[in-house]
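Paired with subunit B in one complex and with subunit C in the other, subunit A is shared by the two complexes that follow.
This part shows the complex of A and B:
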């Protein structure tokens, strides 16, 4: 076996392109991040106006959590499929097509957002100051919603491409178990199809026609609920590739192998089944949704802790096994036998450590009664900067140090530089994450250009607000430095500088307990998808029905066009129908 | 399938923790009576005219809570870009030792309504009336107690200015102002 980049040059090209797009988004998002951190904490607020702060915030959110994460993961998944099945794309033109669609969609949405920096009129009214949640009736230019839809369809096609590879592989290998990495990709994509149904309906059937003026209004609670139908499972879309890294790359780097293939499969099946019917936990304090539905979402959310707990065990056990293979001994001193000099390993370990801490703040968010204290405060922002901002982002960056040689055929520039980068990110996020959680407990709101009010005094449980602000700003500076180091490193690694060896072929070792120990039912994707759909229907049908019954499809008032043509047409069709039956 | 003994133990403890969490939250909802904001407030067409015709909003005059019976009161608040009415300018006033039900809605976009430092915290969604009941304790002395109200959901350029106040006043002052 040779290096992936040489074995599968076409696929490696798409993987590199996807990572490249991810890093452009990361750079843009990072630049917005430092601007808003300094603006909001009051350390440097003369660069942008308060009004532009929200444009910056929208771009930061969209670039980081939608573009950076998803571009990176489709690249990583393409490698995982090709490498684990050992076969090229069935049709590389399709692979390039979905990547191209994602770029096109991302560019359209980015143009709309950037339009927010210009005075209205100079660019027509191209703007999308709606934040990454785009809650209607806040309205963006249609190009923003259309861009999102095109991007989304690109990811759907990527899934189709991978399923096609898998089908073809199955025809050739009828008696073999699906390789673990391919299994992880397929379960993740199935989850993604279910999750994106919500946002796709919202964008295609409501927001695009509304922004084009075909409808006069939308039902704000309906589009919001459809957003969160997607908005929570999307976090697992970011997290599942990270789990794949923790399951297959980390044990290898530690010098061992995955502890248990069957348990890894169980974890991914649990994510497929439980990810979607949880979104209402973002709406605990929304009017218009009955308490029972919130309770149901809370229960599902709590059970979703299970796959993460199992992961903690399996990953740590695999690391311990690796460390002992490398001569580690004792109850805890085996930790010193781990390859801490490798940035990929250290970065992912720190990301995992911070994810454990963030898991606990997540349990608090999920507790519906205590959520009253933290809802929409900076606490929540602290939570997701430690989850998607560290568990995911830091794992992606750290994995890049291992991944880059595989897809470029050239070793990275310097391990030491990489190590400094991941450590800096971790330290920056310790300061920022901790201070944001504490500020949230004092009641400081999220999503505001200036969290100071004449009417309000925020009392921290301990420590002054000024100190928390300083920590957030300092954390932001460290994170920006870390990003700067990361990009410098990527650039240096892509040139032929220094005395660097060509990459050596890298293989993933077989798990201690292999797929032969996994019950065959685990691979029955049709079954698990059906279970997931049933759970989604049970959780969502009634609340959605009551939202539509109480508020109408479009929030009560229909557009003139609809009232004049569509409604009479529907009602006369119904009359005919009734007439025929009668 | 082979599962390690420690792994079974870990699985069991994890499940126990999860069930424990659900148990405490169930207790919070049923035993301690922490209610969620729900659909109890009903819906209203999101325009000024229809909101002002709504029973709860029609009876709200000025910034004083409306007496219902005993120690129960009601306040109807319209959250709009970028103020609370009542709340911004003159503070909403409620008497000490009272149970106050807030009705909050919006004619324009989604807002938040949060009484900083308390668990009065709800989303305000056009078309929906949020109904939240909270209890205010007896005051320690004769001085009114003030709380800040903020909008915690981005509602447009100017969102950071959207705030108000609520004042809990002593019994005598409440009666005197009446």
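This part shows the complex of A and C:
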């Protein structure tokens, strides 16, 4: 078996293109990140106005959590499918089509957001200062929503492409278990199809017609609920490829093998089943949703700790096995036998460590009563900078050091430079994330250009607010330096600089406990998807019905019209129907 | 105890830098306000001494560096 870049040149091209798009988004998002960090902490607030802050914030959010993450993961998944099934795309034109659609959609949305930097009227009111959550009542230019829809359809097509590959492989290998990486991709995409149903309905049926002026209003609570229907599981969409890296790449780098293939499959099935019926935990302070529905969402969310705990066990067990293969001994001394000199390994390990910390702050967010203490404060921002900003982003960057030779056929420029980059990111994010959590406890709000408006004074329960702001700013600067190092490294790795060897073929070793030990039912994707749908219906039908009944499909006057005319008509029809069958 | 390698030192330093910056906040929270100049001067000296101490440890080939 040769290097992936040479074995599958067409697929490797798409993977490189997807990663390139991800890095453009990362650069743009990173630039916006340092601008807003320095503006908000007061260290350099003359570059942008407070009004432009929200354009910067939207671009930072959309570029980082939607574009960077998803472009990276589709590239990574394309490699995982092609390499694990050992076959080319069924039709490379389809593969290029979905990538092209994603680029087109991303460009449309980015143009709409960038329009916010220009005076109203100069670009025909093109703007999208709606933050990355983009639900009503904030309204963007239609091009923003259409761009998102095109991007989304691109990801759906990618899933279809991968299912098609798997189906063709299955016909050729009817008695074989689906390879673990392919299984992980398929379960992730099934979860994605379920999760994106909410945001697709919101964008296509409400937000686009509303922004085009077809509707005068929309039901803000409905669009918010439909967003969070997607908004929480999207976290797992970012996280599941990271878990794949931790399960597949880290044990290999450690010199060992994955501890248990069946446990990894169970984790991905649990994510498929449990990811979606949790979104209402983002709406604990929404008065339009009854407490019982919120309690149900909280319970489902707490169940999601299980796959994370299983992952912690399996990954650490795999690393210990690898370390002992390298001569590691003792209860803890084996840790020193791990390949800390490799930026891919160190970066992913530190990302895992940060994810453990973020998991604990996530439990606070998910707890219905204690969430009120931190809701809409900087605590939440600290939490997701340690999850998506570190567990995901740092893992993606670290994995790039391992992944780049596979898809380019050339070794990376310098491991030392890579190591410095991941360590800088770790330091920056610990400082920034920790200070944001503590500032949130002091009541500092999120999504606010100037949190000290109305001369409000925050009293830090643990350290002074000025000190926390300093740590946030320092963390932001370190993160920017880390990004600069990363991009320098990528550029240097792209050219023939230095005496770098060609990449050698790389294979993923078989797990210690292989798929033959996994119950066959784990591969029954129809069953798990059905269970997921039932759970979603149980969790969402009643709250959505309640929201529509109380506020109408479109809120405002249209909702009253629906209540006055449509609902009685439906009710009468149902009565007649019941009379007929009775 | 053996001397950690350059990579180990780099990782330990990353943790130490964060801990040092956070420590001043913690000290402030329990009522011990240390001026920023003397604090970082003291920490830098302590850090230098620690590095020298690390290099005083025997260099022994462990499995990790073998």
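In the analysis below, the second predicted complex is superposed on the first by the 555 of 582 C-alpha atoms of A that agree within 3 Å, B and C clash if a C-alpha of one lies under 4 Å from a C-alpha of the other, contacts with A are read in each partner's own complex, and residues count from 1 in each chain.
Criterion: a contact is a pair of C-beta atoms (placed from the backbone, for glycine too) under 8 Å apart; a residue touches a chain by one contact, two chains touch by 3 or more.
Please read all numbers here as calculations on a predicted model, not as lab measurements.
Judged by the touch definition given at the top, the superposed model places A:167 against neither subunit B nor subunit C. In the overlay built on the shared chain, the residue A:44 is in contact with neither subunit B nor subunit C. Looking at the shared chain after the overlay, A:448 reaches subunit B, while subunit C stays out of its contact range. Looking at the shared chain after the overlay, A:369 reaches subunit B, while subunit C stays out of its contact range. Touch criterion met: A:337 reaches subunit C, while subunit B stays clear of it. Once chain A of one complex is fitted onto chain A of the other, the partner contacts of A:430 are limited to subunit C, with no touch recorded for subunit B. Across the two superposed structures, the residue set of subunit A contacted by subunit B and also by subunit C is empty. Against subunit B, the residues of subunit A that register as touching in their complex are 50-51, 54, 57, 129, 131, 135, 137-138, 217, 219-221, 224, 259-260, 262-263, 283-291, 294-295, 298-299, 302-303, 305-306, 309-310, 313-314, 317, 363, 366-370, 372-373, 375-377, 443, 445-451, 453-459, 513, 517-519, 546, 550-551, 555-557.
Chain contact summary for the complex, subunit B toward subunit A: residues 1-4, 6-7, 10-11, 14-15, 17-18, 21-22, 24-26, 28-29, 32, 34-39, 41-43, 45-46, 108-110, 112, 114, 116-117, 119-131, 148-160, 163-165.
Against subunit C, the residues of subunit A that register as touching in their complex are 326-329, 336-338, 340-341, 346, 419-420, 423, 426-427, 430-431, 434, 460-464, 467-468, 471, 474. Listed in rising order, the residues of subunit C touching subunit A in the complex are 4-5, 7-8, 10-11, 14, 17-18, 21-22, 24-26, 28-29, 62-64, 66.
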